[in-house]
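Structure, as structure tokens:
Per-chain numbering from 1; labels A, B, C and D assigned in written order.
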Amino acid sequence: MTPMLQLDAVDKAFGGLRVTSNVSFSVMPGEISAIIGPNGAGKTTLFNQITGHLLCDRGAILFQGENLVGKPPRQIVARGIGRAFQIASIFPDETVLDNIRVACLSKLGETRKYWRHVADFKRATDEAHAILDSLGLDGQSERPAFELAHGDQKLLDIGIALALKPKLLLLDEPTAGMSPDERQQTRELIKQLWKSYDLTLVFIEHDMDMVFGIAQVVRVLQQGALLAEGTPEEIRANKQVITAYLGEDF
Amino acid sequence: MTNLATRNLKAASLWAFIVLIFVLVPVLSTSSYQVNLACHVLIWSLFAVSFNMLWGVTGMLSLGQALYYGLGAYSVGLMVDHLGRQWYLPAMGLGVLAAAALALLLGLLVIRVGGVYFTMLTLAFAQLGWQITFKWYDFTGGDDGIQGIIPPGILESGTVYYYFVLAVVMLSIWVLKRMAFSPFGLVLRCVQQNPDRVRFLGRRVRRNQLRVYVISSLFSALAGSLMAGVDGSIHTDMLFWTTSGEVILMSVLGGINQFFGPFVGATVIILIEDLVGARTEYWSLIIGIIIMVIVLVFPKGVVGEAMRAKSLLTRTGAGR
Amino acid sequence: MKKNLCVCLAIVLGVLCALPMAVQAQEKVIRIGAMYPMTGRAGLYGIDSVAAAEMAVDEINGKGGANGYKIDITFTDSKAKPAYAVRVATRYITEDQVHFLFGIVSSGVGLAVTEISKQQKKIFIGTDHASTQLTSDKLQPYYFRVANNTFQSMAAGALYLQELQKSKPWKTIAYIGPDYAYGHDQWNELRFSLDRLGVKYQVVGEYWPKLFEPDYNSYVTSLVKDNPDILVTGFWGGDTVAFIKQAQVYGLFKKSLYFQPDAGGNYELMSAMGAELPAGLVLGARHYNNWPDTELNRKFVADFHKRTGRYPTYAAEGAYAGVYAIAEAVKIVGNPDDTEALVKALEGLKIKLPEDPDGFTSYIDPATHQIMQVQAIGVTMPNTDFPPAKMMLGDWKIYKAEDIAPPPGYPNK
Amino acid sequence: MDASFLLTQFISGLTMATLLFLVASGLTLIFGVGNVFNFAHGSFYMLGAYFGYQFVSVWSTNFWIALLLSGVCVGLFGMLAEFAFLRRIYGRANEGGFQILLTYAFILIIDDLVKLTWGAEYKSLPRPAGFGGAIQLGDIFIPTYNLLIIAIGMIVVVAAWWVLSHTRPGQVARAAAVDREIVSVLGVNVPMTMTLVFGIATALGGMAGALAAPLRTVTPGAGIEVIIDSLIVVVLGGMGNFWGAWFGALLIGEVNAFAVAVVPQWATLFSFLVMVVVLIFKPEGLFAARKVRKV
């Protein structure tokens, strides 16, 4: 089976500082996996390289066998990679519905329609409602997005990504800034979404309950390099990981 | 579906009301001056609404839309002057096309940079256009402008021309309104709020900015070409940067984030300019103070403030 | 939102219709709608014109009006913007029901307003703008001008240069003027007149700084290199001041004769520059505070000074003349309502004005609707009679009205 | 075209460039630190010229003192404008448009205030004692006052260099020009800094007005023509870049001087032409102060 995503010796340096160095791993289709590591380990940079926001200095990123390096985000997203951001990246003045609907329209190739009202695009609207429903946000669909609670804004961000029907979904700290209760709910929700949308899912997370609770594979980054890769159990037992990141008393 | 139907009905009745008001102007007015004034209001409204597609909707602050407004006017003026009155309507079409072509060309240059650089670049190119029009007096008439631009046939009558303007303006604003609430318009609003996210929806930000720049310029040129026939004369002032500034003022006064804001803004500004100008030679002091008050106290504009007041009222009402 | 919008628009409609509904009751009044710039660079001309026009109105009304009709004159700032002036003119005609449109400093604005005057068949008295077009190819039946046009000034200038060639043989000439119609017209008209007189000359330089150019250093140094015998300039207002101040230190006026026959002799230059104004510049204008030395002119200048505390620029005399021309025409016709009769009366109207020397009376040429006046050109010399000016013109050369009129058909011939 | 003429023309261009730079430097400073484009900067220049007239011609103040006082008065006026009005719109959505309107309102108001105070007549100041003539070197005339302007321009450049590189406020201003967020991290009172910078910048504009007054005409509306030229200079040099403004002024001044000498009929279009050519290749100007956010 070809991997969904394959990183091959990926490097990135800012000035003299190497942020990711020689990172290689493969993500198999249908997998749900986590990337962990201390702050500054290069996790978000890695995402940025995958989605084309940053150019790789070296190495290759293969998505379903096709090299993505050098392609702009626009084309990468079109190939089926979705992403939600660490700080919710939404359209604050639009309604919750329109936030999702614009993504649905984009996926359906209907953004160059100049004449009909957005509400008249039935398919996009229905799809948007379905996504809001699965996120539990349907009740707030007519509110402007900036009015949403912090956690809901992050869900909305995920919803925008989902609307693009990605094969691979990248989530950057989906529970950051949430209360323990919200985290619990979000964890369940993400697992739910992974199943119902048939996704390959990679997430960055600091919340260990989430990492060890739902990930099938965990990858540890440290100072830009891949320190370890394995099942949650393997990682939990890995000496290097424990000293470098999880701490002795873990 | 009912929601949709109500929306359509509401929108349609609002339209009918606005159109009715302007249809009645020549009937109710006591002098042709009021018709003339209403004509100015309509044309500036179109100019301001098309400008606001660029600024209010997409967040691109151009200080050079006067270039296209002037281009529209001069296309009509020059062709009527050189070729005759029967060229009036073709010249309008030609001016609009020329503006679209120029906007495409300049757009490729100025859209490369964002924010205030975009503003300054549009200003610089518009001033260049003004300087050329001013200087090339053999062709453009320079500071003397062009006079005697009389519309052909039945349009020569002031009232008929007024209805012509009304029809063109209302049709154009209707088209722009459809556009603003279409998927294209939604993408434009998204471009303003979060361009990076738009890229990650798989859409090209600059391509969309270029599209709206061309569309806005095209309608600005249409407004300019209509203006040529109102007074029968045009002038380089139409290309000067203060003309571009005036539409910003109209947009702000009406309310940037309201589609009809600039329409109301244009109406109010033209009436204020007229009233103040007619009463005092110190109009510039008074207008300056008025602008200051608008900017500092009513940043949401007339329509925006009215909506805020309305929502405050309904909220207190519901609280009781 | 929609409801509010409706309310807004309804209010707007209300204002629109109720605007100035106050149309005056039908008394015996001559209504004049005047437009002058009162802000910016040309503001001085507007403000002087308003003062002089009001002075004329007070004088006429003080004597019981014209044929029993009192003059009621309204002023609006044209903002020197044609589109705005057109709107004001339309308001004057249809709302205020004026009998005459009046004023205008800039030719661009004048051309736009004459178009309205033609469409609405309302007489337009031009008092200051000088483009020859208005009384030649753009002439329409309802337009009259009571101040000289640039052709007349430049024709007088050509005669001056022709005479000068006899006493002080000059060969080369250079021109600098603002890069718009006014600047170009003057140069074309001067060369046309020189050629018509058969004067031989060689052009060694032509420069076109932009209107309101603040910095002439580069132009001056180029002109010094060209070293013309005669330096003709076509500036007006502040540009004249800036050019002379910057050119003076380069010694330009020692080598070349400075010659500015249209707007150079305007009093504003003398009052702005005081003792800094060099002697020996040859300047012309449409009215002078110290010429002709007639009772009428002395009285006009003194009255204006009494009224405003300063001496008038030439724009003032134009406005003053315009009001008197209207009063005279109404006296002939008997009322201000018969526009066609007023046009007939104005055509060929003879009127004694402050700028007429003894033995001459200004008259309006029926063919061109242009006032025909004597034109004088003078040389700067010390004179402190009109403070703050320390230099005034003197050593006058006088040119007859008939000698400086454009030939029939100009500029197409 | 001989060498002495080229030199004369070069010095003419330098005079123009220096005055242009004095106005544009303030404009670019305000933009660099505050991201404000001050359309009213020309009006502050005009105000400086009127203050110069008031001090020298009406109150017979010594020219040099008048020059300084004009700068100070205009600077205070500028600080007032920033403190009372402009700072209220910082950070607002669509701030750019509000800036344009507010500074445009300043233009309208200052124009009328000047007319109310000094009337519409043209005013003029004499050159200061000792600077009324010209130095003659062979065929070359160099007006001493022009040399003085060039010298003052040099002094401002050197002083600005010293302030920007050796003092803390200078460092803050430089930091702000690159990244505004840094400034608040440095523990600087940002609003106060902005007011001060606005004051210094308008004082420079005012001083330029007073300095130019003996060469030009003091008249209502005198600010409009300098603002467009300064705009070209600032855009050309890279908005917010002090040295860019200096270079831009030099370029425009000299291009203009030689265009006048070579192709006088087209000279007025050259400054625009230079700008368009530069912007086609470098849309952010020759020396962009901060990395241009490409949207």
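Convention: a residue touches a chain if its C-beta (ideal position, glycine included) is under 8 Å from a C-beta of that chain, and two chains touch if they have at least 3 such contacts.
The structure presented is a predicted model; accordingly, all values stated were derived computationally and were not measured.
Participant: Spelling it out: a chain qualifies if it touches chain A and also touches chain B; which chains qualify?
Facilitator: Both-contact set = empty.
Participant: Return the chain whose centre of C-alpha atoms lies at maximal distance from the corresponding centre of chain C.
Facilitator: For chain C, the chain whose C-alpha mean is farthest off is A.
Participant: Could you name the chain whose Cα mean is nearest to the mean of all protein Cα atoms here?
Facilitator: Central by C-alpha mean position: chain B.
Participant: Just the number, please: Cα centre separation of chain A and chain C in whole Å.
Facilitator: 74
Participant: Chain B to chain D: how many Å between their CA centres?
Facilitator: That pair's centroid distance is 33 Å.
Participant: From the C-alpha centre of chain C to that of chain D, how far is it in Å?
Facilitator: 35
Participant: Would you pick out the residues of chain C that each touch at least 2 other chains?
Facilitator: 38-39, 179, 210
Participant: Among the residues of chain D, which ones contact at least 2 other chains?
Facilitator: 111-112, 268 - these are the residues of chain D that touch more than one other chain.
Participant: What pairs of chains are touching here?
Facilitator: Touching chain pairs, listed by label, are A-B, B-C, B-D, C-D.
Participant: Please name which positions on chain C make contact with chain D in the complex.
Facilitator: 38-41, 43-44, 46-47, 179, 205-210, 212-215, 217-222, 224-225, 237-239, 241-242, 245-246, 249-251, 268-269, 271-276, 310
Participant: Which part of chain B faces chain A closely enough to touch in the complex?
Facilitator: Spelled out, the residues of chain B in touch with chain A are 3-4, 7, 178-179, 181-187, 189-190, 193-194, 196-197, 199-204, 257.
Participant: Which positions of chain A touch chain B when the two form their complex?
Facilitator: 51, 53, 72-75, 77-78, 83, 89-94, 98, 101-103, 105-107, 110-121, 124, 160, 164
Participant: Mind listing the chain B positions that touch chain D in their complex?
Facilitator: Against chain D, the touching part of chain B is residues 55-56, 59, 61, 63, 109-110, 112-117, 119-121, 123-125, 127-128, 131-132, 135, 195, 205-206, 209, 241-242, 245, 248-249, 251-252, 256, 282, 284-285, 287-289, 291-292, 294-296, 299.
Participant: Which positions of chain B touch chain C when the two form their complex?
Facilitator: Against chain C, the touching part of chain B is residues 10-11, 13-14, 17-18, 21, 24-25, 28-34, 36-38, 40, 131, 134-135, 137, 141-145, 147-148, 227, 231-238, 258, 260, 264, 267-268, 271, 273-275, 277-278, 281, 283-284, 302-303, 306-307, 310.
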